[in-house]
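The data blocks that follow each hold one structure.
Heads up, the next two complexes both have chain A, just with different partners, chain B and then chain C.
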Partner chain A sequence: MRFEQYYEPKTTEECIRLLEEYGADCKILAGGTDLVPRLKNKIWRPQAVIGIGSLPDIDTIKVDQNGLELGACAKLRKISMDPSLAKDYKVIMEAAGNVSSMQIRNVATIGGNACNASPSADAIHGLIAMGAKAVIAGPEGVREVAVEDLFAGPGKTVLTRGELLLKFKVEAPKAGTGAVYKKFAIRGDTDISIVGVGCGITLKDDGTIEAVRISLSAVAPKPIRAAEAEKLLLGKKLTDELLDLAAETAENNCTPITDQRATAAYRKEMVRVWTRHAVKEAYERAKSV
Partner chain B sequence: MKRMEINITVNGRKHELYVSPDRTLLEVLREELNLTGTKKGCDDSNCGVCTVLFDGMAVKSCTMLIPQANGHSITTIEGLERENSLHPLQQSFIDHFAVQCGFCTPGMILTAKAILDENPDATEEDIREGLHGNVCRCVGYKKVVESIEAVRDGEYSESCGEV
Partner chain C sequence: MEGRIGKGEKRIDAYDKVTGKGLFASDYVNQYPVLAHMKALRSPYAHAKIKKLDLSKARALEGVIYIMTGEEPGIDWDQYPKASIIAKDEALWAGQMIALVCAETLEIADKAIELIDVEYEKLPAVLDYYAAIEPNPASVVDPEYETRPLGFSDRPGDRASNRVSPNVVGAFKLHAGDVPAAMEKAEVIVEGEFWTGKKTASPLECANAICRYDSDGGITLVSNGAGVHGVIKQGICRILKMKESHVRVIQPYMGGSFGSRLNPYVEIITALMCLRTKRTVSFQFNREEMFVGAPSNWPCITKVKLGAMKDGTLIANDYYLAEEIGACLNNTFFSGRLSSSGVLPVYRMPNLRMDTCAVATNTVPAAEYRGLGCPESEFGIECLVNQLADELGMSPVELRLKNIIDKGERDPHGEVITSIGLKKCLQSVADAIQVDETPEQDMGVWKKGRGCAVGGKQNTPLGRSEAEVWYNSDGSIQLFVSCDENGMGATTALAQIAAHEFGVPVSEVKVTKGDTAITPYDNYSASSRTTYNTGNAVKLACEDAINKLKIEVARVYGIHPSKVEIKGKKAILAGSYVQEVEIPPLFQPTSMFTQGNWGLQKGTPVIGHGLFCPAPIHQWDENGLSDRVWNWFQYSAAAVEVAVNEETGQVKVLKVASSADTGNPINPKLVEVQIEGGVHMAIGFSVNEEHVFNEDGKIANANFSDYRLPTILDMPTCENVHAFINPDPLPDGPYGAKGMAESITIPVGPAIAHAIYKAVGVRVNGYPMTAERILALIKEKKAKEAAE
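The block that comes next holds the complex of A and B.
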């Protein structure tokens, strides 16, 4: 591992200036759990590494009546154990807690989980299930994108030269909202997901589904929404038949690959199984609040 | 590349080091400070033998760049021993035969300390969950868990002091 320069900017402006100056010749360092192995294996050979841990408020976790703000460098373990998230943002805690071991979660950040743009990233599905927005700062100012629109392909985000992810914003959920993330892996959380399914549901007073989000991990080149399945559920009451149909639709909507963890066919089948579990549980949670 | 000043406290001692920022915490502990109790196994954050405590939290030192440790406090296995006795967890691992080749042991013990420091009443399940990131290729985990439970249950507080 070798790089020529290490910077630790104290202001966002300075960070943006450095990112602009170096462009593709630099890499941002948050927790480093994805970055450092890649530097060591010489998959990436940047000239400069820019540590963002000293930027103001970059690891803040803030909850008020309007919603939640999560700094890009908030550690996954901190998120997974923060009691202030337990009432309204449980799915964000759970998805962060599904990443690997305690040692990794103590270091890994939520922003790194997103910007690494792995198709199998777990923590971001808590954010997608709750309709979170990513706040991006760059030379042109600040912009917001929905978390699911942050990804351009395996390892690629929509961030352009000079930009960094600052934080995530989540609106306080409406009454009757429940959400869940289900990770399916052979060796538990230390293992990379075979499939992961996130689901957030808001119910009207009469029990019909007012809003629904289903997100899938590890079954496409990037995290995806199961849009057809969502459409099917919208405005209806959940029955066993509808649940089966939605799960089948999600299965038909994804394009997984075969790798050392599972075959494409098995992944598809597991999407059906776990979509069923996730939708059902999100629905139960929505009913109980 | 240009070296940078790194201030870290290791096992209670302050160090001012001038090291290249492209080195890992593990390398600096082993090669600059001669603390070779922290092992290098997979070197890509899978096996856990390089676990140290970082401000009291268990982390894998093989994939942490040294600037990330700047201004922080590190505990390695060398920092647990007391003047006339081992740390309760060290003694318990020996008494329960939780050590075979011993390569995973420093990491196991530091992870165990992090688990019990955070939750002195950790159940077997909590302990196993906490040890998720530590791999042992010889003993198996039963004896490791038993050693930690014995310390949790206060069996060593008299001979070795508090955890």
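The block that comes next holds the complex of A and C.
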């Protein structure tokens, strides 16, 4: 594990300047749980490593009446245990708590889980289910991107040279909103997901579905939304038949691969099983608030 | 002082290990101020021609000391452990060494590996039995089988002839009774084909060796390999032509083996590098190398046909078995005979036909793995016995109790069973889980079922164990042995034996272990034999020392030695003017006036020596029959309650009971933890663990993240784990004890398979019983039901 320079900028401006200067020749260190193994195994050989832990408010977890702000360096374990999230943002806690082992969650960050852009990332699905936005700072200023639009492919984000993920913003949920993330792995949390399904539902007073977001993990080159399944559900009351149909639609609209963790066929089948569970549970939660 | 046998004494290494103060072999990297490091370049392809191998840039790198390839002069690779053979012209599995670098630092070695210019031409590969057994397979792993010498095998019957495939590289056949006639007579027949996956033992400490070059041309090797004398030292002397006086092998604490470290795949090659470079060299495997470069188990494919009468009496077994042995050339112990050995000692079987073979594949070579093929080979039989019970409407417990062989009977080989406590084992686990009762279905999509199975395994006679014991002049005891301490606690049991013999607390016995320059010969610890073999040697050594001590004490008091009894530091005298005497003061300090030219002297121990060796086996006849092939048999029964997720196919073991027939246990506490560990391991390989290959035939899950070893969360909770000891004393074991650790892993898998059947109605016919496979069976069943 060798690199020429290590920086730990104190301001966002300084950090952006360094990122611009080095471009693809630098890597950002947040928690390091993805970076360090890749440096050790020489998969990445950057000239510089830029630690962002000293940037102001970078590990903030802030809840107020407008919503939630999660700094990019907020630790997954902290997020998964923060009582201020328990009421409105439980799904974000759950998804963060589903990443790997406790030892990893102690150091890994929510921003890292996003920027690593693994197709099987878990924590970001809590954010997607809640319609979160990623706040990105760069040489041209600050921009916001929906979390599901942050990804360009395996290991790739839409961040351009000089850009830095600062934080996530989630608006306070409307009444009648429930969300859930279901991770499916053989040995519980420790394993990387075979599939993951996130779902956020907002119900109208009459019990019809006003808004729905279904996101899928580990079944495509990047996290995806099950748009057709969402469309089916929108404006309707949830019935068992509708649930089955939505689950089947989600299954049919994903293109997983076969790898050492599961075959493509099994993954597709599990998308159906877990979409059904996720939608049902999100719906139950929405009804209960 | 009461006896020490049958007591749950604290492990003698507990404090050292729990506090982290004890040195494991891998800690020795920090014990040498100057150390050269070895690193291997390994083939990424299961089968490939090495078109180009240019070392010039790597050799030119500063700090590179030596690079070895398959072309290394003066080497007869046929003699080397399979996994340490460096490829020459062709790589035979993904992970085989192409070049081995020795450099001043690990970083330089890594850099040198990158600088090696190598080009491969990918060739067709056979990755499993089914591909390898074709008459015209895509790859013939060992084209020279017909002409290759059988290594140092002493079993002429193992040579395969009339081979159905050129990848068949060993055979063993047995026919007792008349199977075709018995099948005619049978009222019920059940049959099936079963396979078990390829897996890696995964001890926590990766394999490693450090070899010091001594100034006199000798070497001192420290490693976590097993068998300091019989395997490593003898291997080095034979293969590297070293003088016995100049090879010293030391085994510090070893971080597990499960059989996998019985193969000296690191030691011999490290010693070779040490001799070539005249440097102290270190070779430390990483976790990936433990999968791709260290031996796996051997998967077994079995085709089993059982014939029975309507009352449940088994009368015939027609049994085919193939061992998948990977890229093992110079086949030294593969023929199907070892795996199929477990078929013999469990059930009374008047008619048995076994047709077994070994099949080579382009995968990592196979070698010993806990159970030596028995968990793999007995799976099919146990599954079919359960199926037979279902078809006859009998309890699987009752069916087994009817057929389990009794003490004094002969197994189909013709050997007498000298110790078997299996019926009691089965009864105890069946009672604990209430295996004949149907559990309440109260877990939604998780359906519950219960199942049971039994298993037996031979103990192979594996040669000599010696022990030395010192009765020191202060009355403390020292024990010197060379058995392996894989972690099972054998040294504690041995210390208990010595403590018992001398009548002292275990804390009075200091054990020195595993150093060929100090501790006496032991072939190696395998086949669950340490308590039996080394244990008998320790008992003999103690008896020898006690006899000598009696003579010395008797001489001081002018009585016959038979009138002396040793009880720790005291001697009890009969017929003397004193009744009891402290022994340590009898050891006289050296003085100018006595010189100590006779009798007990301060500072000099009374030394006892013990040697134990099982009787030789007898060559079997043309039908594979012989009255002595193995030694004795260990048995285990298991019962489980599992839950199967109908939607995902996942299996969760909710309750498990496991029982061992240990003979009289020396330390019941250690036996219990062996049972628990064995159950955990068996849950792992029967439910989750297997090698998954990528398109190049390389193991794609060669890490602990994707190779699903069970975690503590995969074990049932404490109150749902039951361990029972049901001893049937072994007549020739120390105090009636015998080994047990391998048998535990045999019945767990088939018990789970039957529980799955009871839960969701599908019969699984292989290991591992992964979620995907079970879900596929559930869907198949539903589709079939829908069609009807």
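FYI, the second predicted complex is superposed on the first by the 289 of 289 C-alpha atoms of A that agree within 3 Å, B and C clash if a C-alpha of one lies under 4 Å from a C-alpha of the other, contacts with A are read in each partner's own complex, and residues count from 1 in each chain.
Definition applied: a contact is a pair of C-beta atoms (placed from the backbone, for glycine too) under 8 Å apart; a residue touches a chain by one contact, two chains touch by 3 or more.
In this text, all values refer to a predicted model and were calculated from it rather than measured experimentally.
Trainee: Between chain B (first) and chain C (second), which, if any, makes contact with A:263: first, second, both or neither?
Mentor: Only chain C; A:263 stays clear of chain B.
Trainee: Looking at A:184, would you say it contacts chain B, chain C, both, or neither? Reply first, second, both or neither.
Mentor: Touch status of A:184: second partner only.
Trainee: A:106 in the overlay: touching chain B, chain C, both, or neither? Say first, second, both or neither.
Mentor: After superposition on chain A, A:106 lies in contact with chain B alone.
Trainee: Could you tell me if A:273 is touching chain B, chain C, both of them or neither one (first, second, both, neither)?
Mentor: A:273: touches chain C, not chain B.
Trainee: Residues of chain A touched by chain B versus by chain C: which partner has the larger set?
Mentor: The larger set of chain A residues in touch belongs to B.
Trainee: One more residue to check, A:40. First (chain B), second (chain C), both or neither?
Mentor: first
Trainee: Could you say whether A:32 touches chain B, chain C, both of them, or neither, answering first, second, both or neither?
Mentor: first
Trainee: Looking at A:192, would you say it contacts chain B, chain C, both, or neither? Reply first, second, both or neither.
Mentor: second
Trainee: With the two complexes superposed on chain A, say which partner A:6 touches: chain B (first), chain C (second), both, or neither.
Mentor: first
Trainee: For chain A, which residues lie in the overlap of the chain B contacts and the chain C contacts?
Mentor: 188, 190
Trainee: Show which residues of chain A lie in contact with chain B when the two form their complex.
Mentor: My answer: residues 1-6, 8, 29, 32-33, 36-37, 39-41, 49, 51, 53, 77, 100-104, 106-107, 188-190.
Trainee: What part of chain A is in contact with chain C in the complex they form?
Mentor: On the chain A side, the touching residues are 42, 184, 186-188, 190-192, 259-263, 266, 269-270, 273.
Trainee: Show me the residue ranges of chain C that touch chain A in the complex, using the header's touch definition.
Mentor: Going by the criterion above, the answer is residues 110, 647-648, 650, 688, 692, 694, 700-701, 705-706, 708, 710-711, 713-714, 770-772, 775.
Trainee: Quick one: in the complex, what on chain B touches chain A?
Mentor: Per the touch definition, chain B meets chain A at residues 1-2, 4, 21-24, 43-45, 48, 51, 54, 57-60, 63-65, 67-68, 111, 114-115, 129-130, 132-134.
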